[in-house]
Amino acid sequence: MSKKNDKKEAQKRLEALQVALVDTQIWTMANGQKVCILLEGRDAAGKDGAIKRLTECLSVRNTHVIALPKPTDFDRGAWWFQRYVNRLPSTGEWVVYNRSWYNRAGVEKVMGFSTPEQQETFIRDVPDFESMIVRSGITLIKLWLDISMKEQKERLDDRRADPRKKLKVSDLDQVAQDRWTDYSAARDDMLRRSHHEHGPWICVATDSKVKARENILRHVLKVLDCPHAGREVAAPDPDIVFSYDEVIEGRKTLEP
Amino acid sequence: MSKKNDKKEAQKRLEALQVALVDTQIWTMANGQKVCILLEGRDAAGKDGAIKRLTECLSVRNTHVIALPKPTDFDRGAWWFQRYVNRLPSTGEWVVYNRSWYNRAGVEKVMGFSTPEQQETFIRDVPDFESMIVRSGITLIKLWLDISMKEQKERLDDRRADPRKKLKVSDLDQVAQDRWTDYSAARDDMLRRSHHEHGPWICVATDSKVKARENILRHVLKVLDCPHAGREVAAPDPDIVFSYDEVIEGRKTLEP
Amino acid sequence: MSKKNDKKEAQKRLEALQVALVDTQIWTMANGQKVCILLEGRDAAGKDGAIKRLTECLSVRNTHVIALPKPTDFDRGAWWFQRYVNRLPSTGEWVVYNRSWYNRAGVEKVMGFSTPEQQETFIRDVPDFESMIVRSGITLIKLWLDISMKEQKERLDDRRADPRKKLKVSDLDQVAQDRWTDYSAARDDMLRRSHHEHGPWICVATDSKVKARENILRHVLKVLDCPHAGREVAAPDPDIVFSYDEVIEGRKTLEP
Amino acid sequence: MSKKNDKKEAQKRLEALQVALVDTQIWTMANGQKVCILLEGRDAAGKDGAIKRLTECLSVRNTHVIALPKPTDFDRGAWWFQRYVNRLPSTGEWVVYNRSWYNRAGVEKVMGFSTPEQQETFIRDVPDFESMIVRSGITLIKLWLDISMKEQKERLDDRRADPRKKLKVSDLDQVAQDRWTDYSAARDDMLRRSHHEHGPWICVATDSKVKARENILRHVLKVLDCPHAGREVAAPDPDIVFSYDEVIEGRKTLEP
């Protein structure tokens, strides 16, 4: 009985957060504010689910979820950021990237989809790139969804067993566990080198999906800080959502 | 108790349909098939909810939901179909239009957002346009979601009362009821003149959301007809989903 | 001495035509008129040179010359007209296509770059496509530049000998003479099947470059018919510029 | 007689340079090199004419001259660089910008088309932006065409008198002379703050059109440095083409 009640309570809290998001979006649209949220994390870290809750009640005409397929030959020839720049928010829009330009520091690095030089160029340039778009008036929120090896295994196994989730299973999942430590090393390098004043990384512990989603919404509300929305919603739980600063300072740790 | 069971049963049926959709999409991706589904209907007819169920388990990287904002000055100067053409599916993609080029025959006609000449040009050209994209290899599915005046009123009232649905309430909703008969006339004219061999209209009675959604999924499965998917799912209910032919022949009626 | 005088005279006439074009463009920009001119013809038929004279004095910001490279994989997957539609003129713009969607009925047919089904679909659809964009307010001018086998040979030989023209020499030029009759057959089929009320073909005899260029400009002026421009310039020479109707009716012939 | 001979000689030199450019482009296309050339300068400084000579013999399908119209509302809402990024060269392409992102530091500053904050953000960001695209593999050539007040006056007067040049006359020309010193101040500030390692400014004295054009071509050849092209062409004349470094160091001066 209590588990069911928990679920009900969680749903109620989620809905309150979504109300606050709705009011916040109405306010940003009126202000012409541009919002860019990007979610990164290993396979099965919970990006899709978080995005679903985040965007569920938002305006379909002013909210764009961008999940780009692997680069075409044209994209490979172009400036790395080009196809992402093309989709940046204009006045009053929210854009949510389901994986982003950081592919170059994650999957591409571990899988060798680009050259070490390209990866180095990327990581060197990304703070400048983000600072620029932020100075141009975009509110940028960068979320790293951090999952444990064990939880990932369970979710990947679960996906393979669930016929509704077949399209979530990709060839790359196969190696997600085998290359666990490579991905950890890539993550550490990426976070360390791309955490900067205008684009701080926010880490989210995602082993509990419910908590992760709820706290992501709380964090977004906190950043956007609409004067008449979400005043009553709780602040993000510091055990679930924390700045990468705290990892640097040793007060928090990411999955090994 | 039975209502709760009904809900559970409905959810089970929905999930079975989604499994079939997943298998169908895997198959279309392997084939390079291009799928274009467009949903039209009055405010609150259930487009968003149907799209949610339809796309819930599909590939985020190969499925695009397009909900264009009102035309910019540039769009107004361009060929009407231009911004839609820009988003048509390429090989292996599914594109779902949440409202479409038919705006010109619906909201624009009733609200006077374009000239009668532009509207006439549109309705005259649309069968040719659609025939062309179909001959180019796109599978086109056109759905008209038909709601009753009473049900619309309830849903619009409900939206206004629900703070999570504030972003669904638009200025245009205000007149949806007042201009009910104008919208009916526009619908009749639109369906009649744009129902053609390569782009037949499929009507969906949407006063029951659950039935409407379920039957839309069934219809899509039926059209795409993947040899190894959905064999066991039921055919669309002919009282919920029917060709506009049946309306012409007097065997079915749309809301007055 | 007389040859030099001829040249001077020709230059003077060209300049007068360009003045009329300038006035015409100012007028179309003020009117918001959309102009689309496409030039087709065999290699070395004189497309580039004609476009140069046509656009030389036009507004660099409102005139776009489109010379698309061979289709990418993405383009191949998409609707054939898609990448051309993307560049159609908006209000006040002139777009000049240096080769166009007709590639599918010309080089692609002769060289086998697409399937016979794709070619058939194209030629069947193109009148509808063009009628649509014309009804949407675009002024469409379709020019077929007709060169003789002998003159083509000379120009191709000349190109190969001229180091400034190296980039004009393409692999396809090599076969232009060998496949002369295939290209003639493709041309005849193309003109016959795509000459229609809203998109008539205008043929231009281009063995004399000077005459061809001059008469193309005269023709464009005649079609656009600006009330205060070009009143004094001569009408196109009927031996150089003529409607494909005249070929059908046997009063004119194209190169064999 | 000698003037005529001069002209002939100049034409001969120009043609030799164009041959070298052709060979250079063939080589960059084979290498997949990406070339981006931008021309800035006051009205009538000679941008159009230089671009004409530069691109005259280049591949129409791999060379793009970009002359963007004034920003639309959408552009105004977007990141300033966005519409330019969209047109950056991909593999094997040459892109020539006729005016560029530097509008924000020139005409927009003098005419007040954007806010001082936007202008400050731009000038602060532009070195980072350019460094990034250069590190991504683009060869960037930035040319400042410097004209004297007297020569500009003559050219503007000449334009107004020449009916073929009517489309070159813009409302902004009217104030080019009146605001001469404002434009000079904007230029000095722009060059000083955006001259950097990866994007050095090259100044071109343009009071002599013939010399300016010739030397621009020589400079482009020098930068691209194709091993088998232009070996025999002269180096740029240091009185016509010089790095902004020389201005900083007081060895050269720009027009007051």
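Chains here go by letter, A, B, C and D, matching the order in which they are written, and residues are numbered from 1 within each.
Convention: a contact is a pair of C-beta atoms (placed from the backbone, for glycine too) under 8 Å apart; a residue touches a chain by one contact, two chains touch by 3 or more.
Remember, it's a predicted structure, so these values are computed and weren't measured experimentally.
With respect to chain A, maximal separation of chain centres occurs for C (centres as means of Cα atoms). The best fit of Cα atoms from chain A onto chain D calls for a rotation angle of 180°, in steps of 5.
Rounded to a whole number, the gap between the C-alpha centres of chain B and chain C is 41 angstrom.
Centre-to-centre spacing of chain A and chain C amounts to 50 Å, using the average Cα coordinate of each chain. Of all residues in chain A, those touching 2 or more other chains are 74, listed in ascending order.
Note for the complex: chain D touches chain A at residues 32, 34, 74, 76-82, 85-86, 88, 90-92, 121, 124-125, 128-129, 131-133, 135-136, 138. By the touch criterion stated above, chain A contacts chain C in their complex at residues 72-74. Every residue of chain A that touches chain B in the complex is listed here, in rising order: 15, 18-19, 22-23, 25-26, 48, 57-62, 65, 67-69, 98, 163-167.
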